[in-house]
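Starting off with a structure, shown below.
For clarity, chains are labelled A, B and C in written order, and residue numbers in each chain start from 1.
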Amino acid sequence: MKRWIKSTGRPALSAVLFFCLAVPGLLLADEPPATVDVTKVLDDLTGGASALRIGLDTVWVLIAGILVFWMNAGFALVESGFNRSKNTVNILAKNFVVFGIATLSFWIIGWGLMFGDGNAFFGTQGLFFVSGADNSPALGAGYEAMNPFSTAVYEGVYNSINWTPIPLWAKFFFQLVFAGTAATIVSGAVAERIKFTSFLIFSFILVAVIYPISGHWIWGGGFLGSNNFRDFAGSTVVHSVGGWAALAGILFLGPRLGKYIDGKVFPIQGHNMTSASLGAIILWMGWFGFNPGSTMSAGDGSAIAYVMVITNIAAMTGAITAMITAWILVGKPDIGMLINGLLAGLVAITAPCAFVTMTSGAIIGAIGGVLVVFLTLLLDKLKIDDPVGAIPVHLGNGIWGTLALGLFYNNDIATTVAALPTGLGMLDQTLVQLKGIAVVAVYVFAASAIVWAILKFTLGIRVSKEEEIEGLDIGEHGNEAYPDFQARAR
Amino acid sequence: MKRWIKSTGRPALSAVLFFCLAVPGLLLADEPPATVDVTKVLDDLTGGASALRIGLDTVWVLIAGILVFWMNAGFALVESGFNRSKNTVNILAKNFVVFGIATLSFWIIGWGLMFGDGNAFFGTQGLFFVSGADNSPALGAGYEAMNPFSTAVYEGVYNSINWTPIPLWAKFFFQLVFAGTAATIVSGAVAERIKFTSFLIFSFILVAVIYPISGHWIWGGGFLGSNNFRDFAGSTVVHSVGGWAALAGILFLGPRLGKYIDGKVFPIQGHNMTSASLGAIILWMGWFGFNPGSTMSAGDGSAIAYVMVITNIAAMTGAITAMITAWILVGKPDIGMLINGLLAGLVAITAPCAFVTMTSGAIIGAIGGVLVVFLTLLLDKLKIDDPVGAIPVHLGNGIWGTLALGLFYNNDIATTVAALPTGLGMLDQTLVQLKGIAVVAVYVFAASAIVWAILKFTLGIRVSKEEEIEGLDIGEHGNEAYPDFQARAR
Amino acid sequence: MKRWIKSTGRPALSAVLFFCLAVPGLLLADEPPATVDVTKVLDDLTGGASALRIGLDTVWVLIAGILVFWMNAGFALVESGFNRSKNTVNILAKNFVVFGIATLSFWIIGWGLMFGDGNAFFGTQGLFFVSGADNSPALGAGYEAMNPFSTAVYEGVYNSINWTPIPLWAKFFFQLVFAGTAATIVSGAVAERIKFTSFLIFSFILVAVIYPISGHWIWGGGFLGSNNFRDFAGSTVVHSVGGWAALAGILFLGPRLGKYIDGKVFPIQGHNMTSASLGAIILWMGWFGFNPGSTMSAGDGSAIAYVMVITNIAAMTGAITAMITAWILVGKPDIGMLINGLLAGLVAITAPCAFVTMTSGAIIGAIGGVLVVFLTLLLDKLKIDDPVGAIPVHLGNGIWGTLALGLFYNNDIATTVAALPTGLGMLDQTLVQLKGIAVVAVYVFAASAIVWAILKFTLGIRVSKEEEIEGLDIGEHGNEAYPDFQARAR
């Protein structure tokens, strides 16, 4: 079915080792002869260690990728739990299909635009992954890329991500689950009123084009990364991008029926706090892949462990300060705020986790938790209806975390953990971060708004009033989420 | 509590290294002496690298095994979600106990029958694991097997699975969770009407005897594997076998009350789409252990990454084509079909994932997604009641995937990823696959039918009409799943 | 974003290897010269292997830690599922915040008390982690500790946990999730009637002080460990400690309204068996990190695999015997007993998993499953109200497992798997275990009782009757868990 490690063949080395080991033995011939085949042992070892290194890195990055993949379940549960039961099937279905769309669009074009060699703005090499990877006699160029021992071909293609020696497909998988996350962020904000097909089309464009281009600027060799902008695991690359796309969407969509009437806010309660809580724990767990996995190798265990612990601490301070802030403002420790505070801390620490001290991490999370409550109240003031709090969590804290990398920038941590020091002081780094935030904001918001606008004036993006009242589950899918209970519930 | 690595003691090697390192130093005595204990470093390294290799492989295979284990949660949620609330406790309880039964039966006899050395049909060595593993003074033979450095004993016993150097208990765990999966497939098909005890007895026999024997044919050194039949991770070994056992079961059981009346089909809606969707994501996640973990070592990171990505792509094309097919046929993107399309793609890619190109994987999943919708409709035509779609998903796509390995067979991929090339062309490989499918079909269906028949005419396999109407939760367990809500629901 | 492995610089070794490799070549000058840079390869290899070892161990321990972290979701779901829907939000919220509290309290003081060098009773070095880890110019002492290659500082501080070479933060994360588990055990027992704030204060004290001190006795270099008391993964350190704290709590709290009336027991049914079952599978999965991860290195794959399998077998025999015992005593295979039997087997095997044979593991689990049913009935006789069965599961089986380590003690397994043989016979080991159980019992119960008493007579620990009847979700949080369904349910 499977096999043990490939022979990696290093005959020249074996020959040298043979002399090294055999000759002294000849000189002292009265010594007992070796009872093990030393040449073989050392040869195995040498070959084995290269494969071991790649095996270990691959295992770590893929497991981290699985944890990020798992965040799909977290988003599905938090989003559906925070919305009404009549729209549950729609939200769940969106979460499945959006990852399918992301897989295909990132495979076809997104990966190449993001990580392909090219100019400062987008990749121009290895654009169509499918043709690069699975083409020509003996499977051709891309197939070679699969084999880490024959990297000749893709090293001229995806240089921006060649700092980690894991196989190309491992890189692809890890980056794919990140791209899928960005699309899922939008899903929550536009819930309970968006047309299923229009959402799918937007998601395709987001993951195929919009997300990879700004990603290229920061992680793919583009102008922001080369100008010292830093974002370790994606507060901006993933979360703000998803957040800006979502904000554009809900501005075009408008609030749900009944949310704002005569200047008053009528809170719409989510139908399942068990779902929402389980989803939040899943997201938290997934972040242990998201942030520490962004080392994309296991070559430095200390860095992985550091990022793991700081991620958890920021999550916890975020949850606690959000709970306390809500307690003070509304009188009770509301579970929705607790959950969004947790997520706020996680989003905020995503960029700076490898650039700041542990104590700074605790402070960044704590501020994130306060911020999320105030931003939620602000959105209601502005009558911007965001059913799950995606804007406060992903956009607000994505910006905050990216900025915090500058404000709390520590060169020793940057050198040791991130291995990407800029040498800039706090002020300069903060200015660089600010510029990056602004550039991404303008680009993603504008690009998303154009797509949403086109969709609005062609296919339409909002379901009918009747369907919104009855629920999208019946209208879009012909299903009910809980038919044994729901007839009575509606 | 615990410790660092054992000293592995290789004195002969140390001696040789000593001479290698010390003698040249003597010849050039004016050189600075070594400031580190080189002998020790290299000795540690040599011993360490062997232990590293085994440690890494063990960690990878056990984590993959944990992911497959986790599929128990996925099956429990998909099955209970797709059925009515009044049978939820019964389905959940079955899922717990069936894994308990599987653990014990595979430990007692199944493992030995499957992987023990023997003839072309079943294992005859190391049959009773308990006695092989935990017996005689100083714990005896089996205990030695636990220690990878003293493999003398079990190498003469489980040769078919000695291609991977992981410890025996790691092999056992990984194979156990596979065996448990086969039994769980049956659970969904027979839901809402089977007697609890009869199901437990069938599961015991399936995992103790039926599953290991056909498994031996393919993975345990038996006649199918040695005749070039290939099944990387178990489209046939696990999924079709479970599917045939389930099909035999539901033919003996008959449809649920009220499903088919006067030639018409009355769909019975599942009670919880949140459960079903979460379960589906869990299964999908589990497959990232099921398929890539079937490398059973981390010696080739590229192979693991390749299998991971192709598994995900087939899942996604399956979900999307099933959704579109349902959309065309019934007018809406039904979530049940979306979920079963996802699972269909996963089952279909399980056999060929290490033998076909990435594009072929996308096509195999896409066809699986269409197939699952048509098979679901066909079963209803035939009045075969399969509450969760286990037959379309696991049997139909298990067959399809096994066949697809032949139809899309690529020798380069087989050589590089699976390391098990047959050298046969597409046509010949397809014929070999077809023969294997047929042999397994006849054997498993017949053996299962005999067991179901004996159970039917002794203990009985179906609950009373009264119990079926009231629900098996009360009847079999004296529990309700949702007592706060259910009185109103029934 | 990140980088490949750091150069680890071992010039002395390189020099020696150079002579080893170059000199023989000079002696046989007619031999072909090496075509690879052997010195570099071996140097990379040596440096690489150290980093590989640490990388692999870190990855394994952190993944195991993530699995233990994941048990938070399991506890949240089992506890909320076994209770009524009107208290669901409260239970879920407690589970979030208690981990936040645990993170902060263990970071601030708990870790130092437990693993800091000190006397036989508690740690006195490295007490305040925050100052040790993140202090002074260039981040100072603690920051060095993060780097495994400069361990000078913390080796004089945390000697008791220096047997594993993983980075300090990896040790911290793994131990933190254990500490969090102990606090969560209390949560279930005091459910449906405890004041939110009082519970949070108790949790803080438990994780900051009570848990680390008894932990120090056993794992931190204290008097129990040095007197041959053994507890591989925490039947006593974690589960009994949590259990004693819980028992003290519910004695002060008293039973829920309506549970015991006029000498009769009125069972209060849990609201969601889907939640409870999913939670139980999550806990089971988490235990595959809890027990095998307690190796805290991947240096011995065999030990990890052994502990994995014995953990699963004990879980399964526990589930099956509990089901059968309930079947005999109450006439049906109750799912609550099935789940608690599973957990009982897991708790019971936690101490002895690396000290007993596989068959002994099966027996220990089986006895645990019977025990949990009888203890549950006993508690009701005594009118001690434990809504989730935390006392039978964690306290009863924590004690049983710790004792079983002695009763089934096998020196060969202890030497090979745990690497911590005592050489004591069965009787002597059992006596040692008994003494340890008694000492921990007296200490934890007394300390907890004092804290509960102070809380009771200051802030109060029980909600008002009105709030208990209406549900804590409204009273403590102003939320409902299932607003679409619940108005009708109450």
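As a working rule, a contact is a pair of C-beta atoms (placed from the backbone, for glycine too) under 8 Å apart; a residue touches a chain by one contact, two chains touch by 3 or more.
Because the structure is a prediction, the values reported are computed rather than measured.
Taking CA atoms, the transformation carrying chain B onto chain C includes a rotation by 120°, reported to the nearest 5. Shared numbers divided by all numbers used gives the overlap of an interface; between chain A and chain C this overlap falls below half, so the copies present different residues.
Once the centre of each chain is set as its mean CA position, chain A and chain C turn out to be 29 Å apart.
Residue positions 20, 24, 45, 49, 52, 56, 59, 63, 272, 482, 485, 488 of chain B are each in touch with at least two other chains. Within the complex, the chain A residues that touch chain B are 1-6, 20-21, 24-25, 27-28, 31-32, 34-36, 38, 41-42, 45, 48-49, 51-52, 54-59, 62-63, 65-66, 69-70, 72-73, 76-77, 80, 88-89, 92-93, 95-97, 99-101, 103-104, 107, 130, 133-134, 138-139, 143, 146-148, 166-170, 172-173, 176, 196, 272, 275, 476-485, 488. If you check the complex, the residues on chain B that touch chain A are 10, 12-13, 15-17, 19-20, 22-24, 45-46, 49, 52-53, 56, 59-60, 63, 67, 84-86, 163-165, 219, 231-233, 269-274, 277-278, 280-282, 285, 288, 292, 294-302, 304-306, 308-309, 312-313, 316-317, 319-320, 323, 330-336, 338-339, 342, 354, 357-359, 410, 412-413, 416, 418-420, 482, 485-486, 488-490.
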